[in-house]
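Take a look at the structures listed below.
In what follows, chain A forms one complex with chain B and a second complex with chain C.
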Partner chain A sequence: MSAAGSVMPRVSAILRSRPFLTVAVVAAVWIVAGVTMRGFGAFGHLRYLVELAAVIGLVAAGQTFVVVAGGIDLSVAAIVTVSAVALPLLSLPGDPTGMSAVLATLALSTAIGLANGLGVAFLRVHPMIMTLAMATFLQGLLILIAGGTAISLDNPLVTWLGNARPAGIPVGILLWLAISAAVLVVMHATAFGARIFALGANPLAAALSGVPVNATTIAVYGISGFTAGLAGVLVLGMNGQGYVGIGDPYLLASIAAVVLGGTSILGGLGTYAGTMPGALLLVTITALITVVNASPGWRSILFGSLILGLLLLSGRESARR
Partner chain B sequence: MTDAAPVLAARGVSKSFFGNPVLRDVSIALLPGRVHALLGENGAGKSTLINILSGALPADGGSVEIDGRAAARITPPEARQAGIAVVQQELSLTASLSIAENIGLGDYPRRFGMIDYRALADRAKSVCALVGLDEALSTPVGTLPLGRRQMVEIAKALYRKPRALILDEPTSSLSATETAILTALLVRLRAEGVAILYISHRLNEVMALCQHVTVLKDGGVTADRPLAGTDADGLVRLMVGRDPGDLFPRWQRSPSASDVVSVNGFSAGLARDIDLDIRTGEVLGIGGLVGQGQEDLLLGIYGAIPAKATTASVNGAPALPSSPPKANALGLAYVPADRKREGLHLIHSIATNLLLPAFARLPALTLRHRSAERETVRELAARFAIKGDPARQAQALSGGNQQKVALAKWMPHDPLVLLLNDPTRGVDVETKREIYIMLRQFAAAGKAVVLLSSDTPELVHVCDRVAVMREGRLVAMLDHGELSEEAIVAAAVGAERRRQAA
Partner chain C sequence: MSATTDTEGGRTIPLYWPVQANRNAGLGGLFVVVLLFAIAYGVLFPGLFTLSGFSKFTQSWFPLALVAMAQALLMLTGGISLAIGATVSLGAVIAATTMSGPLGVAGGSVVVALAGLGFGAATGLIVVKLRLPAIVVTLAGSFIVGGAALLILPRPGGAVPGWLSDLLAGNTPTAFVLLLAVALLWKLYLATPLGLGLYAAGDNPVGAYRSGVPVDAARIAAYAISGLLSTGAGLFVAAQTGSGDPVIGTAFTLNSIAAAVLGGIGFLGGQGTMRGAIAGSLLLSLMISVMFFLGFTPVAQYVAQGLIIIGAVALPQLRRLKR
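Now for the complex of A and B:
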């Protein structure tokens, strides 16, 4: 009796939680679209959608950390591009696996994220300004280095990452699942995770409670740089070449996935468990719009409107304080 | 003079906030050509009374009279119409606007529907001359030092040619020269027949300038009489001297006291040149009027704001901690005054709030133990009698329970030095008593407790020693034997200096 009494509220809490609702919306859209549209429900098509969601999901993993900690990272798209363009350039001739180039690229993107964090923590620059300035700086650098040319990939590890399908499952999806598990553990089961929620909910109270605010801030932007860099490596593997602008779609997508998943844009509340179905929802919407067969301009307008509409339906925050 | 009709008066005014009475049956009458002093401790209801007189707040009961016409309430426009001007304690200036624009704000001279800047400049210049403001009228107010901004605020009130002028602690940020200019100005306005209400904690100013005094205490009038024949000590007695009742636990000296924090030549924020020893086994009170640097003293010792000291020893370490995490590592804990803004994470659960200092100190990737956490939360909630489900948001708690959470969360670390910033403000009587008992228990257990308080009786009855601060300096250190509300208030307002001079 008592056991059932304690389980029932928990079940209803899960049913009413934002991550679950987002999963339910994705499932409903898939079922309706699968029944009404030829080819949508095919295993190959759904697998492709999840593979696309993996890229958004990786970028949004770091974004979730930053947003929960009360900030925002507007440089993720530029970091994705930097990663996808720099990796072919960083390839060493003496390394047949390509591992060294991947590690160097991830170190570079993490360093960019840490630089964002240093600016926000020590220079007290607003996160929006800091990361936007960083994005602009990186874009300039990319134009100088890569110009308008696409840079072809010659790296066995990255090609494998973007194309291999052990047991029919793309490596990109496996990578996303592994990173997701790590993110969920760090966020909800470690002291560091508890600190970022405290920092986002009330930075002043967090500081007075002894939370190392600067170190925590730098760490979350470093994580965001790392996951954006990882997404860049994956998207490069899937594409076969890197070019300026390859990361552009992932800025709005990462923020939208975070917010659609129920994380408060004001910080302090949320979970990556919501961001994951949020990313799936975004690629699903994109796929449906593509089927409509409109011009790219109209597709973009439709995509923006749908995100706004979804947020109005589910994501409006109740006023705080 | 005495038979003139009051310009502005309150008759039997009452007001309460959220069920707490702030003013009870208060009457006051401002006569033309008289400077009327309003005295009272922090929280006695002075600001509320001003707000009612100026129409900013409606009274719950009683009436406000303008020129003998009574009204249940007046609106701010009506008050302005009647020539009532208020110089607020918290400045109401707009930093980005110029001196002239601030002075004329809300009452700009118009020409063809536009602001007539030439007329504004002329009128602003004449009132600036009155208060000795010689800065260019186009200077943005934000660039002025605090004392000059205060003079702009006064000029703004004069711009409206007031018949009744209310000044709420106008001299707290003024230099001696500026204070002298203001005093001369008020004497002249008095001669011109303006009714002036003057609020100040500086008793020598009050004695020099005012003719009549009203003393408020706990929302009631304890004196309303001519100032002639009263001395500073008499005024202090009127401001304090309530019956402490049995709110406080019986004071007992704790055994064995040794220094745990010593600072010499300590400066941080407003606090300057402070020599202080904090001892284990005692409750050290920090008193004084609000905003004399007490909070900066605590924050500086805690490493939350930049601080320097010629010598410092903090629990064996030879320097002040440079950040709160380092202070925590040295056994210091800080409970802020503003629970909602600084103390708690309102949108998080009570349990999360209670566990935060632990999360802050653990190595970053330490895995959490949910069952151990639940046990800690249960123990703390039971020990501090925190009511409510720990899974609920902290904002659902009452003020008293929130304060208990803010205090309880430090207990798992067993801090040696507890720095408490006004822990009983806005807390109900029952919780106050519980907190006092806890503080004495901490001291008895060999901890050092520092109690910054705006409540003088609690300093007298709970503390072993009380340090009194005025204008950033530590002006008196009173031992338990010499503690009294009169002694603390006298040190806080600088009355003892007058006594020595006399």
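Now for the complex of A and C:
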């Protein structure tokens, strides 16, 4: 009796939660598209979709941290590009595995994220301005490094990361699952995670309650830089070459995935468990639009309209600010 | 909040200037920096003081000033738009496809204005009535508007009548006169009930609502006017280049936010003044011109622009912290 009484409300709470809603939408779209469209439901196609979602999911992992903490990171696309372009250049000749280049790239992208955090925390620059200015800055840097040319990849580790399929599952997906598990634990089962939510809900109250506001802020932007860098490495591995603009699609995608997953853009509320199906949903929408075979203009209109429609389902701000 | 709040017993005139001075407070530093950049620009490019040099500079500044106003208007109500750039593009392609056709310049301008007002009002309705976050709605909106621009003109082309290009972007300071006219219209708008409600809606929406301010209407009107200013900027850009380009406005999204924030407009609504936003856009445009004349490479321009924006935003904040 008591067991049933405590289980039932919990089940119904899960059924009504935003992450579950997003999963349900993805499942419904997959089933309908799988039945009505040839080839959509094939294992290879779905696996490809998840592989694409992994890149968005990685970028959106850091974005979720930042948004929950009450900020926003508009430099993720630039960081993805920087890491994809810089990695081939950072390779040491004496390292056959390519490990050192990957580590150097991740250190670089994390440093960029930390610099964002320092600006937001100590210079008190609004996150949107700080990260936009950082994106502008990086854009200049990229032209300096790469110019207009594509830089091809010669790194065994990154090639493996982008192409290997142990037991039929791409490494990218496994990497995404591992990072996701870590993100969920950090967000919902550590003191640091609790501080992020406190900071996003009410920075003043958080500071007065002893949350190290500056350190936490710097850390979330550092995490965002790290996951964007990781996504850059993965996308480089999948593409085989890095070029200026390779990361551009991931800015909108990361924010849309976060919001579609039910995380409040105002901060303090949300979970990465929603962002993950959010990323899948975005990739699925894009795939469906490609199938429709419309002109670029119509595709863009469809994409925007679908995101707007999905927002109505999941992104409502519950109360007037 | 406004110059017209106290008009009892004909005391409007004595009150007007103190209110204006109060609005200038906090912008002193910005005005000094703008002046320094203007002097630097004048030294580097003495042609600035001829009529055609002045005209050319104001023409490069004008569209940025319009989008800065469009963005500032929304930020004052507590909103924001990431669709400004796409809307500028939409205005440009509509101008380039309609004006040389049967509609003519007058008809084309009407279509451009209606498109801006219509898209802006639709965005405003969605944000305000459906209570969706503005940043995400306008991000999705930028895809819809950008797609519409691509449908109208898939690749750069179209044409704007030559006399219009000469009038707006020739050797006469038409753009500067237009900017003064827009600024004057803004002052008039602030005196209307919707204009008065603008600051109140951004500063304290609930309080404003309870005091009888038409909060929703003021915010929707702000989105509509913002759309109008953006497509207007697009029309001007089309006249400048003589043709339309479906992606020409992209950079304006970022620059409009940068100009508004440089001008002291706050993200939370209700803070800042339109004169600040216009000064911010002037600073940004002077900065780009000065760097161009100093022979900065595009790389150095990006890097310097990023650093200057951060510096300009951070310095007042740091000063406030010390106090």
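Note that the second predicted complex is superposed on the first by the 319 of 321 C-alpha atoms of A that agree within 3 Å, B and C clash if a C-alpha of one lies under 4 Å from a C-alpha of the other, contacts with A are read in each partner's own complex, and residues count from 1 in each chain.
Keep in mind that, in the parts below, a contact is a pair of C-beta atoms (placed from the backbone, for glycine too) under 8 Å apart; a residue touches a chain by one contact, two chains touch by 3 or more.
What you are looking at is a predicted structure, and each value in this text was computed from that prediction instead of being measured.
S.K.: Assess the superposed three-chain arrangement around chain A: do chain B and chain C clash, or do they fit?
M.R.: Taken together on chain A, chain C would clash with chain B, as the superposition shows.
S.K.: After the superposition on A, what does A:209 contact: first (chain B), second (chain C), both or neither?
M.R.: Only chain B; A:209 stays clear of chain C.
S.K.: In the superposed arrangement, does A:201 touch chain B (first), chain C (second), both or neither?
M.R.: The first partner, chain B, only.
S.K.: Examine A:268 and indicate which partner it touches, taking first as chain B and second as chain C; both and neither are also allowed.
M.R.: first
S.K.: Touch test for A:125: chain B only (first), chain C only (second), both, or neither?
M.R.: After superposing on A, A:125 lies in contact with chain C but is clear of chain B.
S.K.: Could you figure out whether chain B or chain C reaches more residues of chain A?
M.R.: If we count touched residues of chain A for both partners, the winner is C.
S.K.: When the two structures are overlaid on chain A, which partner does A:13 contact: first (chain B), second (chain C), both, or neither?
M.R.: The answer is neither, since A:13 touches no partner chain.
S.K.: Kindly classify A:141 by the partners it touches after superposition: chain B alone (first), chain C alone (second), both, or neither?
M.R.: A:141 contacts chain C only, not chain B.
S.K.: Using the superposition on chain A described above, determine whether A:186 touches chain B (first), chain C (second), both, or neither.
M.R.: A:186 sits against chain B, while chain C stays out of touch.
S.K.: For chain B, which of the listed stretches 60-68, 96-104, 186-194 or 294-302 runs into chain C?
M.R.: 96-104
S.K.: Can you pull the chain A residues that chain B and chain C both touch?
M.R.: Comparing the two interfaces on chain A, one with chain B and one with chain C, the shared residues are 320-321.
S.K.: For a test of understanding, state which residues of chain A touch chain B in their complex under the given definition.
M.R.: The touching residues are 185-186, 189-192, 194-195, 197-198, 201-202, 204-212, 219, 268-269, 320-321.
S.K.: Flag every residue of chain C that touches chain A in the complex, lowest number first.
M.R.: Of all residues in chain C, those touching chain A are 78, 126, 130-133, 135-137, 139-152, 154, 205-206, 254, 257-258, 261, 267, 298-303, 305-307, 309-310, 313-314, 317-318, 321.
S.K.: Using the touch rule from the top, collect the residues of chain A that touch chain C in their complex.
M.R.: Counting only chain A, the residues touching chain C are 72, 119, 123-126, 128-130, 132-134, 136-137, 139-141, 143-144, 252, 255-256, 259, 264-266, 295-305, 307-308, 311-312, 315-317, 320-321.
S.K.: Can you list the chain B residues touching chain A in their complex?
M.R.: Interface residues on chain B, with respect to chain A: 302, 304, 323-325, 327-328, 334, 336, 341-348, 352, 355-368, 409.
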